Amino acid sequence: MTNERFERGWEKLMEVDGEGGARVVESLKNIAPDLARYVVEFAFGDIYSREGLSLKERQLITISSLLTQGGCEPQLTVHLNAALNVGLTPGEIVEGILHCIPYTGFPRVLNAMLTAKSVFQERGILAAES
Amino acid sequence: MTNERFERGWEKLMEVDGEGGARVVESLKNIAPDLARYVVEFAFGDIYSREGLSLKERQLITISSLLTQGGCEPQLTVHLNAALNVGLTPGEIVEGILHCIPYTGFPRVLNAMLTAKSVFQERGILAAES
Amino acid sequence: MTNERFERGWEKLMEVDGEGGARVVESLKNIAPDLARYVVEFAFGDIYSREGLSLKERQLITISSLLTQGGCEPQLTVHLNAALNVGLTPGEIVEGILHCIPYTGFPRVLNAMLTAKSVFQERGILAAES
Amino acid sequence: MTNERFERGWEKLMEVDGEGGARVVESLKNIAPDLARYVVEFAFGDIYSREGLSLKERQLITISSLLTQGGCEPQLTVHLNAALNVGLTPGEIVEGILHCIPYTGFPRVLNAMLTAKSVFQERGILAAES
Amino acid sequence: MTNERFERGWEKLMEVDGEGGARVVESLKNIAPDLARYVVEFAFGDIYSREGLSLKERQLITISSLLTQGGCEPQLTVHLNAALNVGLTPGEIVEGILHCIPYTGFPRVLNAMLTAKSVFQERGILAAES
Amino acid sequence: MTNERFERGWEKLMEVDGEGGARVVESLKNIAPDLARYVVEFAFGDIYSREGLSLKERQLITISSLLTQGGCEPQLTVHLNAALNVGLTPGEIVEGILHCIPYTGFPRVLNAMLTAKSVFQERGILAAES
């Protein structure tokens, strides 16, 4: 039932993306609420709720995909926060980004790393630069 | 020392990619042996030899990046084999590919899944279709 | 209910992609049947079944997106057939592909046009070259 | 004659992109006026002036291509305005963007939808958020 | 005048791409002759005929762009031949491809290098492998 | 020896990217100093230090690759400055960007050209607009 998928998805969205996910949903409400609904029902209710991989593994895969596409800095910000939310350490996140250099080259990795730097600074993991 | 990086890289390449990696190196020898050397030294000697993530996690990240770029079926074939080599189960690999749907859409995922199907058939994990 | 989405999706898939869609579903059955299910439920049951655009308009959008990504020739083949299935003329399809030149450049457009040529030849719209 | 292509293109550019197109041409005048000339002559004088598809269909194709490439927010802004200029309704534009989810995934669609939201707010179609 | 652009473009196409270019034009004649015409008039009559860079420099730029996009192996084949036609040495071409590793990563570079290997073998520059 | 590669790379980085390169290295120091090290050792110590192409040719290739990927405006800014540093004229840079239109389409070229405009204005080559 759609309702069940939405509820399962919303719970998962809150667990993974937290506030960042809620803000995405909110930002769509007066332009395309169905887009928000599909994010919840399909991306989180169907896909993220599957078994077979841990949430940490799922976030490493997500970051790799967003980094590789390029131009997804807003989504990277949400999912770098999500990576911390599900228990990846900053060191593991940095390592996952570095691992992409041979596959994507340096520019995509540099953009992702500086996005991670901003996320870490905002969460007090790194001191903001004076 | 370059030599040390090459040796460490070669050992890692054999551990991860095995025969598939050796074939890539071989295919370059009379056109661009330096390209093969950089794959060994940099991709495997520098990056794959880092600590902080398991080889299973590294392969999930690699598959996600190759899948997302598109047009990398030869490299996907090498790294889907590598994923099995380092201990990911076929189920985990399928799951990692499925996880990318919300980020890349269906076409990239379909291409990767059918590449995985070929790899699994060649290794006898799936019966080849009559 | 999932079942309802699947049934609506399957009907739409048959209407739009026809045999080509059925072959994609079939090809996934012993590796990732859930991927086929998501294509049916989400892509066709949720998205293609929406109102607000005609199926002809939806196929022009689909072809533009597949063409622009590159490396999606198998999916382009399915959706060029689908474009004919829903009533676009060969001339409109060619025109839709040409329209992308300023946005994607020539290589992506050339690849799509030669894919269209194969589809048209297979359906007897163009004589196969001797 | 080049002149004729330019004149036809300029007229078409004004009809489709209006002010947004004029601003692009203006922005190039002291760095690469030939680039502006090619936009006018080739993209609008040659391609947009072709028959066989309506301007509404052309804008749906254009938005799909720009959305799919990613990193084209400035061009999307021009062409979302153009979509309204040639008579697509906001609902049709939103629908066209949503249609891309299965082909591009959510991140590209989210970026395009939020660009559409800005365009609609600037034109008073959506109330700006307080 | 269109005619003049076409003639200048055709001459330039023959100088740069030679037979490979003629085959592309031929392949389009019963599906989209206007696409061939735009390749000749715009890509070669307008752009390749500009001054300010040598044809060798233009081919290095073209190869870099095609390599970076991925999925353009047919066009790479034409333009690797073109690179030899305008006087780049095999060594310079290999060097130009290698230079892209830090920007695109290894997979795109490997695909391009193996395409170059095929081109060089077909022209007798490299011995075909037994 | 790693040390030798780093020293050669640093010298080359300073020669090519100058201050822009130093700022990239600096920005990474408290998040991923190894990423900066790989840029220096591999991209500049290994690749940029090769023979066979001039630094001018290398910068034309680099700009083409960054432009084609899209979403690399920060790296384009560094490398457009680098292009001037190694002796390309503003006219040659503009020409190199224009040459990509047939391969990438207008949006990527427009984004790169406006990035070049900013770089040229900052270096006093173009008057800033009032």
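When the chains are written out, they are named A, B, C, D, E and F in that same order, and each has its own residue count from 1.
Note that in this section a contact is a pair of C-beta atoms (placed from the backbone, for glycine too) under 8 Å apart; a residue touches a chain by one contact, two chains touch by 3 or more.
These numbers were taken from a predicted model, which means no experiment stands behind them.
When the partners of subunit A are compared with those of subunit F, the chains appearing in both lists are B, C, D, E. Look at the CA centroids: the one farthest from the centroid of subunit B belongs to D. Taken over every residue number at the interface, the positions common to subunit C and subunit D amount to over half, indicating a same-residue contact. When each chain is reduced to the average of its Cα atoms, F sits farthest from subunit C. Subunit D and subunit E have Cα centroids separated by 30 Å. A straight line joining the Cα centres of subunit E and subunit F is 24 Å long.
Under the contact definition stated at the top, the residues of subunit D that touch 2 or more other chains are 34, 38-39, 42-43, 50, 66, 69-71, 94, 98, 100-104, 106-107. Taken pairwise by the contact criterion, the protein chains are fully connected, each one touching every other.
Across the complex, subunit C meets subunit F through its residues 100-107. Contacts from subunit B toward subunit A in the complex involve residues 39, 42-43, 47, 50, 52-53, 57-58, 60-69, 91-92, 94-96, 98-104.
Residue ranges on subunit F touching subunit B, taken from their complex, read 1-2, 5, 38, 42, 46.
Those residues of subunit F whose C-beta lies close enough to touch subunit D in the complex are 70-71, 94, 97-98, 101, 106-111, 113-114, 116-117, 120, 126-127.
Residues of subunit E touching subunit C in their complex: 24, 27-28, 30-32, 34-35, 38-39, 43, 66, 69-72, 74-75.
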